[in-house]
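What follows is subunit A paired twice: with subunit B in the first complex and subunit C in the second.
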Partner chain A sequence: MILAALPGFEPLVSGDAVVAQNIAFGILAVVMVAAALRMVTTPNVVHAALYLVIVLAGVAGIFILLGAEFVGVTQVLVYIGAIVVLFLFGIMLTRGALGEDEDAATEKRRMALMVGVLLLVVTGGALLDSFGDAAMDRSRPSLTAEIGDSIFSQYIVPFEAVSVLLLAALIGAIVVARKE
Partner chain B sequence: MLLNQFLLLSAVLFAIGVYGVLARRNGVLVLMSIELILNAVNINLVAFSALRETVGGEVFALFVIAVAAAEVGVGLAMVLLLYRNRRSIDLTEIDLMRG
Partner chain C sequence: MSTLTLAVELAYWQQTTIRAVVALVAVLIPAGTLVYLFLFKMMSFMQSRLGPMEAGPYGSLQLLAEVGKFLQKEDVLPRKADRVVFKAAPFVVLISTFLLVLVIPGGPDAFFIDVDTGIFLALAVSSISVIGILMAGWASSSKYSLLGALRATGQLIAYELPLVLAVMGVVIQAGTLNMQGIVMAQAEGEIFGFGAIGNPFIITQFLGFVIFLIAVQAELTQPPFDMPVAESEIVTGYLTEYTGMRFLLFFIGEFATAGIFSALAATLFLGGWYVPGLDPTDNLFNVIGPLVLMGKIILVAFLIFWFRFTYPRFREDQLQTLAWKVLIPLSLVNIVVTGVLKVLV
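Then we have the complex of A and B:
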């Protein structure tokens, strides 16, 4: 592979690389979970969108850590570049639309917390039970050429379906949001 | 690296996203929490793809990103319509069809 020819390239499974990967994962995980928690609790809507940016960037970092570079770059382009901007426009167009009434929401929040914690306990227990210590020893990152080949041969039907879906969503959004 | 560390991170993000969907009253914030859930799913797809050293999971992660973009477009259009008609995007006030 081209990567292997680069000076200083080491396979992803060598000892130092694994330690570095684990440190990077730890930092990313802590930052992402903290930002996600702030996102769902902060009263300021714009701050929530900015915390979402941190989480999305962390997910892009996780993708690159997993050797999925193309997906990581697409994540940055599509999510941080497009979707978050769309959210910020949505926030600005509906600014001040929600009066804060914290008391009425307390009961709802407690139920939501219960559901979230229960879900985490159940899925976490199932994951620990199923994939106890399955190790990942990927030798090289996946190549964008492979993903392109795969999309345009094996997954051509879902690809076309997604393109029709995007067109339908575009027309649908215009029809729904236009003024009469 | 263990597979489980990615799956558990994904489970934590998923649970936080579900909490956000259930606890938030602002329509835009609910849509943001849904994005969090979709990203948690994407981490799972890419992690299994890396475990098996195939690209199938990554391709589906790309499809999920595309579907998420479509979903946000339509969802925000609906929130804007709601705001235009009712001057509020509080989802708890939309109870016309409540039994």
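Then we have the complex of A and C:
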């Protein structure tokens, strides 16, 4: 899917491109919803992590469809290439070989549902509040250089704040690991 | 970038089909060449033997014979294996390889995709193969496979950082992530006002080139970084339970990735499809560009395989120490120095 979307970076003004985009979005959306449902219903933790890969790849595909190339690629590098790999690594180190995991699917289900609904309401509300039905400028893909410029000028304070937060998490991890 | 080479306008689906077929060729031809030239012949010569001599002249058809042999083998599935994940794993590794080849340009108009993110996209999709390896190791339901997959993951995560950081120096110098932009920066660059050979970044980014090659060696899990498949300890790691066709897919993936990483190194550090002395916008490069690139791939791959057949295996702790305590600090220093010089000069 990503393959089909990548070469389509000509300006998206013509009607054909928008139709093709909508078809691609439909396919991506169906695959993502199916994978997301299987992810929360499968009794096998490793399968859940692998379904998560499909969902995240779909997100990257949607970013690319919107012309947000850099964000889409970052999605693949960070979420698929690093975070899910760490999930899988952790699961395989601690759970041992193949096997179904019973306890994951009982007690915590209600909590997970609550967190999920809460997240949906908060992010959905915030998005509707700030954007409403404003149309997005899709006349051209966004350039990496522009993203870099805006991070290091307009958004420099949030960027530095996030850096400090990550540094704190890093130091915290080292402190926890070297407790003795 | 230059005048249109083709006299006929092709529809989008026709172009895409041609690109897909060429991408398949661009993955398989370098892979086959590397296996024959280096794995079959160079290794044999280094060990004072002839290597394959029977199939075709000088054994040049040996690879086809090997493929035929693998295809005939029984497809064994371990009884306790997770069938779907076990079968999907080699394809995940191949997806990573085939997405990687897309960013490599063969000439000013001869490219698969010419995207703004270029090398960043390549580094991102190269990390997908880790998931395939973890899937293979876990689904095999064998302790050797699982150990091999965990070792491979630890190694690939550790060496992905120096790989990315080594590329940063090139990106800073070229001022773009786009692969064509990086080639053009080298073709049109000058070293202290001397521009006859352009500015191949291997000269100014030599440290980056060395770090990149070491990290590539580790990413390919080749000796001296072959702890994940250490045959004296864990059989062949995550490959242990794979036979026939599926083993062949992993094998193709490994050598195709070796070829593509060589192509990336050739494009980033050796000027890609460009040869000094010619106009880089010349239409000629759409024809000779892929051949020039192939020559540079063989040059870089020669280095990679030379190290492969020369050095003994690292121990696991030495391997991690090299990545975290030597390569990453060195590549960070390289970035700082490159950045300062970029601003000053």
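To be clear about the criterion, the second predicted complex is superposed on the first by the 125 of 180 C-alpha atoms of A that agree within 3 Å, B and C clash if a C-alpha of one lies under 4 Å from a C-alpha of the other, contacts with A are read in each partner's own complex, and residues count from 1 in each chain.
By definition in this document, a contact is a pair of C-beta atoms (placed from the backbone, for glycine too) under 8 Å apart; a residue touches a chain by one contact, two chains touch by 3 or more.
All figures in this text were calculated on a predicted structure; none of them were measured in a lab.
**Student:** Just subunit B (first), just subunit C (second), both, or neither: which does A:Ala134 touch?
**Tutor:** It touches subunit B, and subunit C stays clear.
**Student:** Let me test your reading of the model: by the given contact rule, A:Ala82 touches which partner, first (subunit B), second (subunit C), both or neither?
**Tutor:** A:Ala82 sits against subunit B and subunit C alike.
**Student:** Just checking: does A:Gln21 make contact with subunit B only, subunit C only, both, or neither of them? Give me first, second, both or neither.
**Tutor:** So A:Gln21 only meets subunit B here.
**Student:** Just to be sure I read the superposition right, which of the two partners does A:Leu93 touch: subunit B = first, subunit C = second, or both, or neither?
**Tutor:** Both partners.
**Student:** Report for A:Phe70: first if it touches subunit B alone, second if subunit C alone, otherwise both or neither.
**Tutor:** both
**Student:** Who does A:Leu50 touch here: subunit B (first), subunit C (second), both, or neither?
**Tutor:** Touch partner of A:Leu50: subunit C, not subunit B.
**Student:** Check subunit A for residues that touch subunit B in one structure and subunit C in the other, and list them.
**Tutor:** 70, 74, 82, 89, 93, 97-98
**Student:** In the complex formed with subunit A, which residues of subunit B make contact?
**Tutor:** 1-9, 11-29, 31-33, 35-36, 39, 42-43, 46-47, 49-51, 53, 55-56, 58-59, 61-63, 65-74, 76-81, 83-84, 87-90, 92
**Student:** Once bound in the complex, which stretches of subunit A touch subunit B?
**Tutor:** Residues 18, 21-22, 25, 29, 32-33, 36-37, 39-40, 45, 48-49, 52, 55-56, 59, 62-63, 65-68, 70-71, 74-75, 78-79, 82-83, 86-87, 89-91, 93-94, 97-99, 104-105, 108-109, 111-113, 115-117, 119-120, 123-124, 127-128, 131-136, 138-139, 142, 146-147, 150-151, 154-155, 158-159, 162, 165-166, 168-170, 172-174, 176-177, 179.
**Student:** Can you check the complex and tell me which residues of subunit A touch subunit C?
**Tutor:** 2-4, 6-7, 9, 46-47, 50, 53, 69-70, 73-74, 76-77, 80-82, 84-85, 88-89, 92-93, 97-98, 141, 143-145
**Student:** Please give the residue numbers of subunit C that touch subunit A in the complex, ascending.
**Tutor:** Touching subunit A from subunit C are residues 15-16, 19, 80-82, 85, 99, 102, 112-113, 115-117, 120-121, 123-125, 127-128, 130-131, 134-135, 137-139, 141-143, 146, 149-150, 153-154, 157, 160, 176-177.
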